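Chain naming follows the written order as A, B, C and D, and within any one chain the residues start at number 1.
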Amino acid sequence: MTTSWLENSIMARKAIARGKQTSVHSITEGSQGKYHYVYGPYAAPVLTVDPGAEISVETHDAMEGRIKSESDRPSEILKLPFLNPQNGPIYVNGAVKGDCLAVHIKKIVPRGPQPVGTTCLMKEFGGLVGTGDTAMLNEPLPEIVKKLHVDAVEGVKWNDKITLPYEPFIGTIGTSPEIEAISSLHPDYYGGNMDLPDVNQDSIIYLPVHAPGALLYLGDCHATQGDGELCGFAIEHPTVTTIQVDLIKGWTFRWPRLENERQIMTIGSGRPMEDAARIAYRELVRWMASEYGFDELDAYMLLTQAGRLRVGNMVDPKYTLGASISKHLLT
Amino acid sequence: MTTSWLENSIMARKAIARGKQTSVHSITEGSQGKYHYVYGPYAAPVLTVDPGAEISVETHDAMEGRIKSESDRPSEILKLPFLNPQNGPIYVNGAVKGDCLAVHIKKIVPRGPQPVGTTCLMKEFGGLVGTGDTAMLNEPLPEIVKKLHVDAVEGVKWNDKITLPYEPFIGTIGTSPEIEAISSLHPDYYGGNMDLPDVNQDSIIYLPVHAPGALLYLGDCHATQGDGELCGFAIEHPTVTTIQVDLIKGWTFRWPRLENERQIMTIGSGRPMEDAARIAYRELVRWMASEYGFDELDAYMLLTQAGRLRVGNMVDPKYTLGASISKHLLT
Amino acid sequence: MTTSWLENSIMARKAIARGKQTSVHSITEGSQGKYHYVYGPYAAPVLTVDPGAEISVETHDAMEGRIKSESDRPSEILKLPFLNPQNGPIYVNGAVKGDCLAVHIKKIVPRGPQPVGTTCLMKEFGGLVGTGDTAMLNEPLPEIVKKLHVDAVEGVKWNDKITLPYEPFIGTIGTSPEIEAISSLHPDYYGGNMDLPDVNQDSIIYLPVHAPGALLYLGDCHATQGDGELCGFAIEHPTVTTIQVDLIKGWTFRWPRLENERQIMTIGSGRPMEDAARIAYRELVRWMASEYGFDELDAYMLLTQAGRLRVGNMVDPKYTLGASISKHLLT
Amino acid sequence: MTTSWLENSIMARKAIARGKQTSVHSITEGSQGKYHYVYGPYAAPVLTVDPGAEISVETHDAMEGRIKSESDRPSEILKLPFLNPQNGPIYVNGAVKGDCLAVHIKKIVPRGPQPVGTTCLMKEFGGLVGTGDTAMLNEPLPEIVKKLHVDAVEGVKWNDKITLPYEPFIGTIGTSPEIEAISSLHPDYYGGNMDLPDVNQDSIIYLPVHAPGALLYLGDCHATQGDGELCGFAIEHPTVTTIQVDLIKGWTFRWPRLENERQIMTIGSGRPMEDAARIAYRELVRWMASEYGFDELDAYMLLTQAGRLRVGNMVDPKYTLGASISKHLLT
């Protein structure tokens, strides 16, 4: 049975399949074959579906499983640009530039033998260290690897005293740019490596379509993550992630949007961080104006009192923030 | 009766008065006389108290009540540097550089005739417009004033359809710098105009002491506010705000800290916004290391999974973010 | 006759052809055929050459000649992502990942009928306006087009009173990323849209090689430009640009480097602008250490006294700065 | 004899004394007595003069001479907020809020026994290291002190091979804010610690007046400095600096302006660095419009082709950039 908010979601009201499941598919490691490290139109689709298709996807962790032991040294194992492997692209019939791809995230479960979770410190990467972008002369921190038991029910076992709840989400998801092929480490206007915990089970993400078939990619699921993904590695883990795609013809906007039971959210990525916040909030102002009847300046003033910001990541090539407002203030 | 978390607060455990009320005082508009527009050591104290003193304070709104009607034009009425009037300074006996002033916020209630709340758009100020700092050639937005009915029980009446809950907090609070006198529009290492909604009732803010007597200032209470205070004006309102001050000898740190029932928080202010986030999170790493037994790098990695960020303001001369962690992860 | 500095250039000392011309080629509009809008490995080379090849290239202006009249409206004519057309890619035999491609810029001359130069204001683009990245609610500026007479000898005729010298350079030049295909509007580690006036006649730019054959692209020549390319459009013009390519095996570094008669320069691109400056200066510290015998911290301190910064652009998706030091301080 | 550009300077044309010397004064270490660490209105003037006064000033170096040996450790000796000692304040008769103070810098000569110059690395300070603002967890660099022979004729002896020319300027100069007292480490709208090499001999800096008497402070002279003052310490040295002050009634603007023989310059300070550039360029657009007859958008477009940016510092609490245009393009 569908929950009531889904029946009233934008997807249910506007998309071709009305949010109904019309077919069932899967992408396994085997059927995926080669994973991808860029979001672009140059790879052949691994699956072609109609709107309404439910797809279960075997995702790798962001290190493609290559960090196997706590004695591994990430900077010796992980080599640019072959990081953050993505499933896809999935071709959605009928999708053309100017449309919107709706992706309902139905379920995320850990996959593979324990310890299934990994986090680490890697040289010149993270929010509190000098990096390739924020270039410093200081010595890097030591590299540390932590392997963790992750269970959908029992949670994430941090140590003997601390267990964190299993709050999984998709770290990287998006459509293909029209002619660009951009590293899966980047978040941008088409989605990508947003690392935003709101992209979780029982939410719908709306992605602008730029290439024929939309060409959906996804991967990089996190078992849990704090705001900002501070050291650059959440609890990375392989999963089976189940999504359902749908297509909204002619709904055009610049940056990803999201809906869940309680709120609508716009997602901006940029540097410096205030630019990500500006993008997210401006998109929300525009959304409130175009579809909920607000005057733009009135929306601007109301968000001043009731808007919410979530910092997804403060470590990727662009930082990602989500701006949201409660649905009950929109009606 | 004191609630149990207060009995176990840092204030209760470390401060001179153990968080107990030892005397009662008030600062009225009359006893305040001249309000102040800088945080500095050059003004005479309006009140001198011992640790443990409870003080009720009649605060002005950030415009000192000068925006009286929706037909007012803010840029004609509000003139730098005479904005954001502050009560104080309050001299706390025994406080010297290197100590920490604990301020328990006990109660905030609206004051004065309705409509008691004000928000507005002012030229060249706000998060989605060109400003004096982010200088643009675009035309400014029109100026708009909104006066609102604010009631501690009924909430903030935005319009006929929308009423927001009354969630008041102190927008501007801090100690005096040692020799600087800084505009009350600024947030920085001593507190000031942080506009952080967590500085609310039933929380304790810990402020580093730089000048003899600490010289506490406060003002600028908001009836409610969204993350980032987007247009620059929350629901500004005059209040009677009741605080209790206490003194922790020799507890030295660089940036304001906060504690409530659920979490501890560090507060950073800076530009670009990622610098505010870096400051807040580094301070939290250090706090977890110095007082909760964490290894610094382990704290860094745990915050990656369980840290929370709150964007206070994205409109002031420095942006303010609070980084926090749940208390139950600290034990 | 070669000038003496060229005979002592890094190219002359280290490259396969020692900076000598070994063959002569040209890329005309006709032989180029389709121009490119991304820097990537997915396009077929238009020319394959050996190190030492001199190539004259018919470049388009950044608007591909589509702004023909001062009554045109740029935002109606220029459509993302089909902007900033590039010649190439040029495949250089023997070049592999980890090598360095040296490009000696020999001559830039205007091409086509007058008025050959174009600059303009376009909505939501420029250094002093809200943009897609620095998102604002302000109304955009009006769009303005200016067509100018540009002559290599007489200069750039701004108006009846002002004539600017013809100081041409290549706005966009770089090698292909390994697997990414990035918009030619971007500058990054491989070069691209740096808009740095030092990339001019009689300089050598050193570019890291990531893809087999290096895959050199170039275009977007400017007749003159101020620091920062403030409104986003320099004096854009089509040219015949003559370069000579050479190959330095095994010279690996992260960001483009440049050499002319007087100085060596490292080029960083990033946001916020301080990150571009940090990248450029750190690369220069490392270059001084690895090839000129400096201790890293001594280089850091000497650059504090004698380093120079040039702001290339403050309008592109990343800002570009060049950090340099006089050659006479290196020996 | 005055040089001709001075006779045509804005000071000569608009100021009360027409740029003529009307009296001669000096501030010695003895007459200064206590140096100051804030720019504010709370200190008593050490000298009161009329417009046209020439004043020779004995400045300290930024460390007040406390770094005496290359074995000193800066972080043990230098303690906030008692850094960057300033001479003044100088009260200029007749100056009131809304006026402009013109300061002609006539001569800077080193003062005291050799080695008179000092530069150093200090923990958590500098452009390529984590700092209190750009907070990192990396270990700080080692501290290094370098003492140098500085001579007005022979230059700055860096080591046996490298001698840099003596190109002195005033690192910190400004008027008092109206009610704020801001650390002399800060640059802002009133001047302060701009560290901009253009504030040198034979230039005139124009400073907005906010407090009665203008209350001019100055200090922190550098024997030479690269763009950005990369490690945070130029060649710091004590000097005798000779200035001449004049007063332009009713010339009101927001940020410091500068004039020399070749160009006019506007000075912006902010973070991130692009905000400093935006401020500087917007002020220059406005100056060109208000006094040189340009249409604002035409000035914006001309600066795109002919504007120049100088990065003063990339290490202070705000970064400082100067934007300039050649005088010959203004007529």
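Definition applied: contacts are C-beta pairs under 8 Å (C-beta built on N, C-alpha and C of every residue); 3 or more make two chains touch, one makes a residue touch a chain.
Keep in mind that what you see is a predicted model, and the values were worked out from it rather than measured.
Path length between chain A and chain C in the chain contact graph, taken as the least number of steps between touching chains: 1.
Common neighbours of chain C and chain D, listed by label, are A, B. The chain with its Cα centre farthest from the Cα centre of chain D is A. Chain A and chain D have centres, each the mean of its CA atoms, that are 48 Å apart. Here the CA centre of chain B is 34 Å from the CA centre of chain D. Computed from the mean C-alpha positions, the centre of chain A lies at a distance of 34 Å from the centre of chain B.
Shared interface positions of chain C, i.e. residues touching 2 or more other chains, are given as 128, 134-137, 141, 271-272, 278, 281-282, 285, 297, 300. Chain C contributes residues 119, 121, 126-128, 141-142, 144, 146, 156, 158, 161-162, 164, 224-235, 271-274, 277-278, 281-282, 285, 297, 300-309, 311, 314, 319, 329, 331 to its touches with chain D in the complex. Across the interface of their complex, chain B is touched by residues 128-130, 134-141, 272 of chain C. By the touch criterion given at the top, residues 37-38, 40, 42, 81, 132-137, 177-183, 254, 268, 270-272, 275, 278-279, 281-283, 285, 296-297, 300 of chain C touch chain A in their complex.
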